[in-house]
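What follows is chain A paired twice: with chain B in the first complex and chain C in the second.
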Partner chain A sequence: MRRALFALMKLSFLEAVRRQILHVMVLLSLVVIAIAGTVSFFDLGVQVKIVKDTGMVMILLAGSLSVVFLISGALFQDVEQRIIYPVLARPIPRGLYLLARYLGALAAVYVGMTLMAVTLIALLWVHLHYVSGLAVVAIAFTYLEVALVGAMAMLLSTFFTPAMTATLTLFLYLLGSLKMGYLHHLAERNTGFAKWVITAVSAVLPNMEAFRFKDALVHDLSVPASYLVLVAIYGICYSATCIALSIWHFGRREV
Partner chain B sequence: MYTPWAIRTEGLTKVYVSHKQSHTAVRDLNLQIADGETVGFLGANGAGKTTTIKMLLHFIAPTRGRAWLYDVPCEEPRARQKVGYMPEQPYFPRYLTPRELLSAHAALAGVPAREARHRVEIALELARADTFAHRPLGKLSKGMTQRVALAQALVGDPQLLILDEPASGLDPVSRVEMRNVLQVLKEQGKTIFLSSHHLGEVELICDRVAIIHQGQLLAFGTPEELTQQTDRYVLVAENVTPDTERDLRSLCSNARRDGAQIVAVVDAAQVYEVVSLLRQANARLVRLVQQRETLEEAFLRIVQSAPVSTLVEKAA
Partner chain C sequence: MRLVIVLIVLMTLLPVALADEHDDHGHHHEPHHWESTEMRHEILTQLGGIVTLGVVAGSYLLVRRRMST
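What follows is the complex of A and B.
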């Protein structure tokens, strides 16, 4: 089964790395990061802050958009083009196929994100002659956030067309990026059904803000390790739940 | 010794419901196909052939009834352990080469890593796809892609081959080559479930034939069982003079010369007259046998005599 998973992941990866959307996203982000790091209009302290800020935003933006567009159409396209039939005729559970499709596309996005991350770290090294541990942690949590966005896209893609999946994923992503504090505050100010709905929405929506350590990195703040562990567990569990639901739904779907 | 059926279905039914109407694509299908048999699955477009195959491979779930492959319920992935499937009009990732595609499918079929490369080469060779195994699939012709699809089905060395229109869109030469490959597989003892429109090919290689029409199985048997004697006779004669040949042609226009012999298909009502003509002309009657239907004729007879049913009903 492990060989089958890797074989399918390889196919998914090879397909994803050929997609133009990934090339464009990675290239644009690299250009923006490089410009932020090389054009010096500011004193060193400000420039480093701008490099960190721009670099983290570009890694997150390019990674999230790439993963949404790569995963949104993957299943739909496989079914429409009937590429899926010879694969599902093999003695493998459908869930394995879906998991491999997700992991393969995610791996391709990670390759692009790694290029950006290496560029960012190299620029920080050039300016500061050292790289803080928090930079690596912040980048790692961006990877986790992108994995979560991809898992949401995969779940939605088992229900909707690619355009609808991409739109809904981005919508949920934006909602999840709202400060969760606002929602809690809103829940406290309401009563009855409205309070219940707001509480339910805030519980179901992914808390994207939790994964973002850009501000801590830019302002050289420290983050408690226990908090990092909690966020990591939250991200992994949320992504795993999305993938499990995708597998459950796709297993019952007719192709 | 107990030998399981390669394919067994009991009351297999698929009903599609859309816009408050239900359409029965397959109705109460009962099939039992033994290991090592080659079975042709015949039907017009929309008869329910592909739907049946989709249910056997669990791409879609039956509305009613059940199906088993080698005694394993179709809904279980291990039911497909011994299966090689070639879809109708196959599509594969365009950027892969046939060899890369087959390597992936070898892994999916559970072929051990140390055997995979060998199996890939055997499958490519058997399907005659080895000469273009290094070219991207997006650059192959339809016939080449069909051969790759067959190689893909064969790479796991399956005992049961489910082939959905394998000769669809192929030129006559490629069709003959495909038939030859199927003949080789049959001689190897593989079970072949062949959905096809090409009745001549089915007649040549299949042990039994199932005819499905509007979702219902109308007939299932050997070609001999399905075809009937006709009221026509095949006549072969020698020492026929040109004058007698002319007279013969006036009685049966299909008479043709085959070397020293004359071959004609004669209606039963004319047999006595033709034989008398040949006797008077001192020609030698070599053979006179009652003609059987071709499978195509039997198929048309069976399908046309089936009760008309739209199979579209108001959904309850």
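What follows is the complex of A and C.
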């Protein structure tokens, strides 16, 4: 079973790595990070803050968009192009197939994100001659956030077409990012049915803001370790739930 | 090609949208999310929900497996 998982993951990874969208995302991000790190308009303190800010935003943005576009069409294309039938004709559970598709695509995105992260760390090293541990922590949580976005995309892709999945995932991602600042205030201001609906939506939506430690990195602030552990457990559990639900739905669906 | 143009526009605009508001000294007006008790409460509540869902689903699967054997 493990051999089948790794073989399918490898196929999914190779397919994702060849996709043009990933190349464009990674190249654009690398160019933006490199420009922010090399073109100097400000004094060193401000310049470093700009490098950290731009680098973290670009890693998150490129990672999230890539994972959404790579995963949202994966299952749909496999069914449309009939690639899935010879695979499922073997004694391979559908759940394993879906998990391999998810992990393979995520691994491809992580390769791109690692390139950006290494560039960012190298630029910080050039400017400061040291790299704080918080930079590694902030980047690690960006990886976790991207894994969660990918899991959401995978869940939605078992219900909808690629275009619909990508749109819905990005919409939910945006709503999840505005949850504490916007949705909670909206729920407080409304009454009756509207308040009930907003509260229900807010209860289910993932809290994307929790994974962002860019501000701590930019302003050299400390983050409690207990909070980091809590957010890590939250991210892993939420992603696992999305994948479990998508396996459950994909297993019952007619392909 | 259209997709590339859309991506370039997105990647140019979104960092601006994602950027936080700072005052002149670069400090926030609101507490950071790792300092907020509301945020911890929110995360713990959702984690509780996920664990409950997992326990219910696990129990259901266990009962169904026992019934079928």
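Assume the second predicted complex is superposed on the first by the 245 of 255 C-alpha atoms of A that agree within 3 Å, B and C clash if a C-alpha of one lies under 4 Å from a C-alpha of the other, contacts with A are read in each partner's own complex, and residues count from 1 in each chain.
Basically, contacts are C-beta pairs under 8 Å (C-beta built on N, C-alpha and C of every residue); 3 or more make two chains touch, one makes a residue touch a chain.
Note that the structure is a prediction, hence the values are computed from the model and not measured.
Look at chain A after the overlay: chain B and chain C fit there side by side. In the superposition on chain A, A:Leu221 contacts chain C only, with no contact to chain B. Once the two complexes are laid over each other on the shared chain, residue contacts for A:Leu186 go to neither chain B nor chain C.
By the touch criterion defined above, A:Ala122 lies against neither chain B nor chain C after alignment on the C-alpha atoms of chain A.
The partner that reaches more residues of chain A, of the two candidates chain B and chain C, is C.
By the touch criterion defined above, A:Ala140 lies against neither chain B nor chain C after alignment on the C-alpha atoms of chain A.
By the touch criterion defined above, A:Arg90 reaches chain B but does not reach chain C.
With both structures placed on the common chain, the touch criterion links A:Lys10 to chain B but leaves chain C unconnected. In the superposition on chain A, A:Leu61 makes contact with chain C only, not with chain B.
Judged by the touch definition given at the top, the superposed model places A:Ala232 against neither chain B nor chain C. Once the two complexes are laid over each other on the shared chain, residue contacts for A:Val255 go to chain B alone; chain C is not touched. The least CA distance from chain B to chain C in the superposed model is 13 Å.
Residue ranges on chain C touching chain A, taken from their complex, read 3-4, 7-8, 10-11, 14-15, 18-20, 26-28, 32-34, 36, 38-40, 42-47, 49-51, 53-54, 57.
Listing the residues of chain A that touch chain B in their complex gives 3-4, 6-8, 10-11, 14-15, 18, 81-83, 85-93, 254-255.
Against chain C, in their complex, chain A makes its touches with residues 21, 24-25, 28-29, 32, 49, 53-54, 57-58, 60-62, 65, 179-180, 184, 203, 206-207, 209-210, 212-216, 218-219, 221, 223-224, 227, 230-231, 233-234, 237-238, 241, 244.
Within the complex, the chain B residues that touch chain A are 57-61, 77-81, 83-87, 89-93, 95-96, 103-105, 107-110, 113, 149, 152-153, 156, 162.
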